[in-house]
Structure formats: C-alpha cells, structure tokens
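Per-chain numbering from 1; labels A, B and C assigned in written order.
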C-alpha cells in the first residue's frame, strides 16, 4: 500500500536543516557554539570567522548542492532508463570526468582549473556514449540497453586511459589524482559554490519542466509514444541534463558514489512516485546524506580527513540492504 | 562501479536471505581488504630465507646490518656501484668516489655532474633486469617496503645490496659514515658527515638567541600535507630558528585539516620549492592568516627535496628568510 | 474514423515488406478486429499508427486528417493505443496511473480528476483507484490500462492483444466492456488471436496473411473453414455453436 504522508516532507526538511547546522558547528577544530554563532554576526575572533565562514559554511553548501544534484539525477535516470539500478555515473560521466581531471593534473594546468577539465572530460564521455548508442541503434529508436552498455564501455575505456596515464608520473601526481577520485568537498569556496548552484538550479528546473514526460516514459517507449511523447528527443534531452548535473557535481567534488543510486530508493519507498515531487525529495535527502557523510569524514579520524566517496559508499551499502529487506 | 555488483539479482532467493547473504559477503570483503592493507607491509618469508641463505654462504664477517636487516659485506670494495637515491648519489660524489658510480636513479640530479651518469629508472620498484644487465657489484636502495622485492631479486643474482633509510639528519649522518666504510674510505665518510653536522650547528647557534616564529611547512594542497616531526625538514626548521607547529606528529608528511592550521595560526607558512609563492595557487591555504598577510617564505626545492650534503646551506637559506637581517659566516 | 489506405511498411532494403497495401476502415460505434497468424503484420500496423515505423507508401488518416501531419499530442487526444506489453518497473496508485492518460491534455483547461473518475467508471475499476498497480490481478490490470486509454479522452481505441493472458471470465469481461464502449460511440480496433470471441463481438473483421489483407467483412462472411485454413495453414472446421448460434472455429488434430 503506497501512502504519501506530508509529515515525511517536514521530517526531511528538518533533518536537512539540522545536519547543515551540525556541519557548521562541528569539524576538525572544536569550537564553542556561541563562537560559531557570533561568527555569523561578525563579532567573533578572526580565526573563528575564517573557519566558520570561509571553510565550513561553503563546504556544507557545496555538499548540499552535490547531494541534491546526484539525487535528482539518479531519480531521473532510473525513471528514464526504467531501471532501479541506474545511477548518475552511468553514461560514462564518472570515467570521463576522472580522465579530464587526471589529464589536467598530469599536464600541470592550474589546480583551480581541474573542475573545468573534469567537466570537459565528462561532457566528451557522455557525447561519446550517446554517439555509440546512436550509431548502433536499430529500427530508428535508441534502445535503453544500448545506451547503458555504451556508457559502461566508455567508462571502462576511461579507467584504462587513467591507469596508463598514471603509470609513469611522479608520486605526488598520483596522490593528487587518487585524492580527487576519492571525492571531497574540501575545496569549497564561495566562488565554486556559486557556479555549482547555478548549474544545479538550471538542471533541476529543466528536469522539473520535463517531469510529466518522464513519468510517461516510465511506461515504456511504445506506451509513451502512444501518449504523445517524442520518445527519442525527450530521452536524449533528459539524459544530457542528468549527465550534466552529474558532471557538474563531479567537477566540484570528485567521485561521490552511491548517492544517486540509493537516495531515489529512499524517497520512492516513502511513497513518492511522480517525478516532480521525487525531484524535490531526492534533492533534500541527497543534500542531507552528503552533508552527513562530509561531517563524518571530517570528524571520524581527525585531523585526517577521510575521502567523501568512501563514506557515502559505506553508508550506502547498509542502507541499500535495509531497503531490500523492507521492500519485501 | 557499484552498479555491476548488483547487476544480477537472484529472483528465486527469498529477499531476507538475500539481504543477509549480501551483508555477509560485504563483511567478508571488508575484512579481506583490511587484512590486505594491514599485512601489506609484511615481508614475504620465502624472499627473506633466500637472501639469508645467500648471505650465509658468503660468510660475511662485518656483523653490520643494513636497514632491511641484511648483513653488509665489507670484505670486497665495490668498484661498480649503482645508487638509486638522490641522497646517496650525492654522498658518493662528496666522498670523491664518483668514478665507481655506474648508474643512478631518474630522480638523482645532484650534483649537476650526476646527470651524466646512466639513468636507470625509478628508485622505488626499480627495473631489476636493467640493474642486473649493468653488472654492478653493489646496488644502494632506499629502504622502503616497496623495495624489498628488488633487494631479494638482486641478492638471488649474487649482487650485494645496501638498503638505507634516510629520513632524518641522524639517518643522513649514519648513511654517510656507512657509505664511506663500504666504499673503503671511512675517513672521508667521517669528514663529510662531520662537515654537514658543523654547518648545521653553525646555523643553530646563530639563530638560538633570536625569537623563534611558529611555522607550518606546506608540502601539498589536495590533500593538505605538512612537514611533520619525522622529516629532516622539521630538523632544518628547528636549526633555522623556528618552531614547527606539527613537530609533535611522528610522520614525515602527515595530512592535516586546514581548519587545524587556521586555529594554530602560525606566524609563517613555508612553501617548499617548485610551486610559486603566489597565493592564487594555495587553494584552501588562503584561509590561513599568515598567507593572507603575505607572511610566506619560499625555499628552493633543490635545497630541500632530500637530505643532502647541502643541508647546512638549506638551513642557512631558511634562517635568512625567517630572520631578515641575519648574517651567517 | 480511422482509415488505413494502401499502407506499406518495410523493415529494410531487401527485406520483404512487413505489410503491403493494407487498407481498412474502422468506424465509430463499431468493433473492428485485425486477425491473422503470427507474423502477418498485425503488430506492425499498430506500430505504424504509433509512428514507430515509417510508411514506405500509403497513409493513415484519423477523421480525414493525415497521421504524418498531426502533432503527437493531438493524436494522443484523439486515438488511444493500448500496447501488448508495458513496463511495470515503477509502482504507483491506480489513480496516478490513469492520470498519466491525461498527459496529452497538459496545459489545457480541464478537470483531470473528474476525467480520471469518469474513465475509471467506464472501465469498472472505481474500487481499485487507491490500490497499488502491483497489488491487482492481471484481469484488473488490463481494465486499468483501458481506463487510462479512456482518460485520454479520444474517440478511438486501438488494443493489441488485450486478452492475451486472461482467463475465460476476464476475457469475456474485457470483450463485453469493449462492446459497451463501441456502443457508446467509440471506434474500437482490436488485434486478437481469439477468433471465436472476435466473431461474436466484432462487427467487421480484417484477415491478414503475410502482410496483406486476404479478406475483410462481417464475421458471418469471414468465418469460413476453407478461407481460414488456407491462411493459418492448419486443418480447421467452422461449426455453428448449438448454445448461442455463433460460428465457432475448431482446429483438427493432424497427428494420431
């Protein structure tokens, strides 16, 4: 029996706000709550202000944006691919972004441009995957399975390229590449939070606009065509939008896995089935999850920071198993 | 890719049992991974036994052991030496024994004359075949676990190895004297070691009366890494009249959180070498007050990339940068 | 209402035509059935209506307007197609599912919830509205699908094998419902293997074989043993059912 209760929304919103506050209150350095509050009103010591406003606050925001982007992208891809195991890193997004970032590191481009390199890599990989799917399609419509396989193939190729590139570089380049690939919101600044916010807003609005179409697409290509959807064009556009959302978040924070896979499951199991509320729900829950994971990564083994992508995976697997059991 | 793990759900297994099975498999994998990383540094018994057998057959009489625990053979003076470590290569030149050097690692660039020696590749996980083909009678390795395999294989091929750990000033002193002895010139070895010690002492004495600024020496940005107490660079800093805020950490290059650096608020941030001192490339380090104030000292990586005979000059350069107006004889 | 005129569909150069010069008309208020052996092109005709395959020649018209020049959404408001299979990965309430049928009316003034209830009443699934789509039986599911088709608000419904997996009771229920819909003025086009039921409920039968129309007409004229045997390639006999007087197809055994 599916029940869609409004208290779920309130609870989700509360949890997100709470986690955001906790994310700013806690960190490697122990600060008193009063000091943290006064940092916002401008009356705290310079170092406290620096930590709270320049290091922690943008970090929490970046984590929220990354989580929202990945959650929404995952929900959309699962609906469009009609496969509950789909996640944003299909279509070669993660592999391509990694190739872009690693190439940038090896070529020693300014470190601030690594996100740009990652984004370019991700976009190229998505185009490649779409091109492969387009080229091998039969009977003039893109088969969803071909799209999936093309993405997996591009991803595998990207991994190979990365390993070849890393075979002959100095140790510190390898360390930098690995660190990037393990995911982190440690590079958060108000500047990159702003541009990510723009991308995520555009992506979410675009997907929200196509919400009813995506709902119809879940019925299958023939039924969707029967209801008046231009299946091929809509599918391609949605893929691109989801992939670019994922690429933007990878560019900002490296590879943060599992979020796009499990967050849609969590929200759907609460009874949300239409895409528009699903987008909102996965954005909230995704943001909360990544903020929480970042908090753990900062606090668990201080002063060392654990990689964000590892924490989301460690959180993700038991969640997934819980879902499997509850679903029956 | 996480997706592939779940690619084939078994529809005919009851879901509760499936969940439990997957959980057990996951725990098993996690344990195996932990075991692998924890035991990664352990030696392989078979390689050790082989090396020990070869050594026993040679009846080495010195009683000295290198940093892999292998006996050092002092009976013959090596004439074809390969040095796979910038520090030891430089020491060999300082000892005047460079005519016996037949190969170096790719990263050994000091002194400038060393570049004319054949480049035999990486110093860590070296290409053993290439080493054997050069027909050395001594190979000097950096004593890290990744090189144990190479040491064993060289021993199998009847080539003597000398594996030295060189992280601190004391390690450098010991290595210099050891190399002097092995190369048959203990006297010069002692002279070089003493000279370096004296040059460091000179800087130490000169900076002793001066106020010691608190410092953090930044090594990397992503993740943020600093010079810790386990590195010779920390000792250089102390000699140069500064206090390393992370000297209490025993690793040579620990990872720290920027927040921690901000709250400790060092007077000076030191940047090693080849990245420019411009603040645009400092990333999150820009939050550290010292960086915003411009209180950043940049030091040439040629001087500080490795423990070397130049350590006195390195400490002097640091001291001059940290204490403007300081005059050193 | 729906007119196929000399429709030819080919799946590739050199391949034989999937359908060739197929023409028939489906009128409002009538049940028109497309029958024929597997591979005779019935599903291709449905796909052609969905514009999933291009027409090599001929045209399909809906109320006189050519299909090719009709915007997809306008088509969806006029003709509903219930395909053979549908993806059921995502579970929703029956109400939400029927609401998907209102997609072609997105952006138009109209009371979607009233239309959904009306469609549910006509398909007799009002009691199922708050159930989950994976918690209803196969027969109920087929009726729910028809309800969604009705919610589109058109005057024609095309169904591809709607009773394929249904038991006799649900099958009869479905046929009776389709007949009632036809009586209310809708053009019902039905692709089916169930010759006996088709003969009782359809007013016009189009018999296809290897992509061409072999014969078309009223059930009485079409239910002839010699005709059907030549098309299906199996010894058949058409008898008259003593209970209800309708023609009944009986296949004979070949092996003894």
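Everything below uses one rule, namely that a residue touches a chain if its C-beta (ideal position, glycine included) is under 8 Å from a C-beta of that chain, and two chains touch if they have at least 3 such contacts.
Computed from a prediction, not measured in an experiment: that's the story for all the values here.
J.: Any idea which chain sits dead centre by C-alpha averages?
T.: So the chain nearest the centre of the shown protein is A.
J.: What is the chain whose Cα centroid lies farthest from the Cα centroid of subunit B?
T.: C
J.: Nearest whole angstrom, what separates the Cα centre of subunit B from the Cα centre of subunit C?
T.: 77
J.: Just the number, please: Cα centre separation of subunit A and subunit C in whole Å.
T.: 44
J.: I'd like the Å distance between the centres of subunit A and subunit B, where a centre is the mean of that chain's Cα atoms.
T.: Result: the chain centres lie 38 Å from each other.
J.: Under the stated contact criterion, what part of subunit A meets subunit C in this complex?
T.: Touching subunit C from subunit A are residues 1-2, 79, 82-84, 139-141, 212-213, 215-216, 218-223, 225-230, 268, 273-274.
J.: Touching subunit A in the complex: which residues of subunit B?
T.: My answer: residues 1-3, 6-7, 15-16, 18-19, 22-23, 26, 220-224, 254-260, 262-263, 265, 280-281, 283-284, 287, 289.
J.: Note which residues of subunit A are touching subunit B in the complex, please.
T.: For this pair, the touching residues of subunit A are 27-29, 46-47, 50-51, 54-56, 85-87, 89-90, 94, 110-112, 152, 155, 172, 175-176, 179-180, 184, 186-187, 189, 257-258, 261, 298, 302-305, 313, 316-318, 320-321, 324-325, 327-328.
J.: Going by the contact rule at the top, pick out the subunit C residues touching subunit A in the complex.
T.: Residues 11, 47, 50-54, 72-77, 80-83, 85-87, 89-93, 96, 100-101, 103-104, 106, 131-132, 135, 152 of subunit C touch subunit A in their complex.
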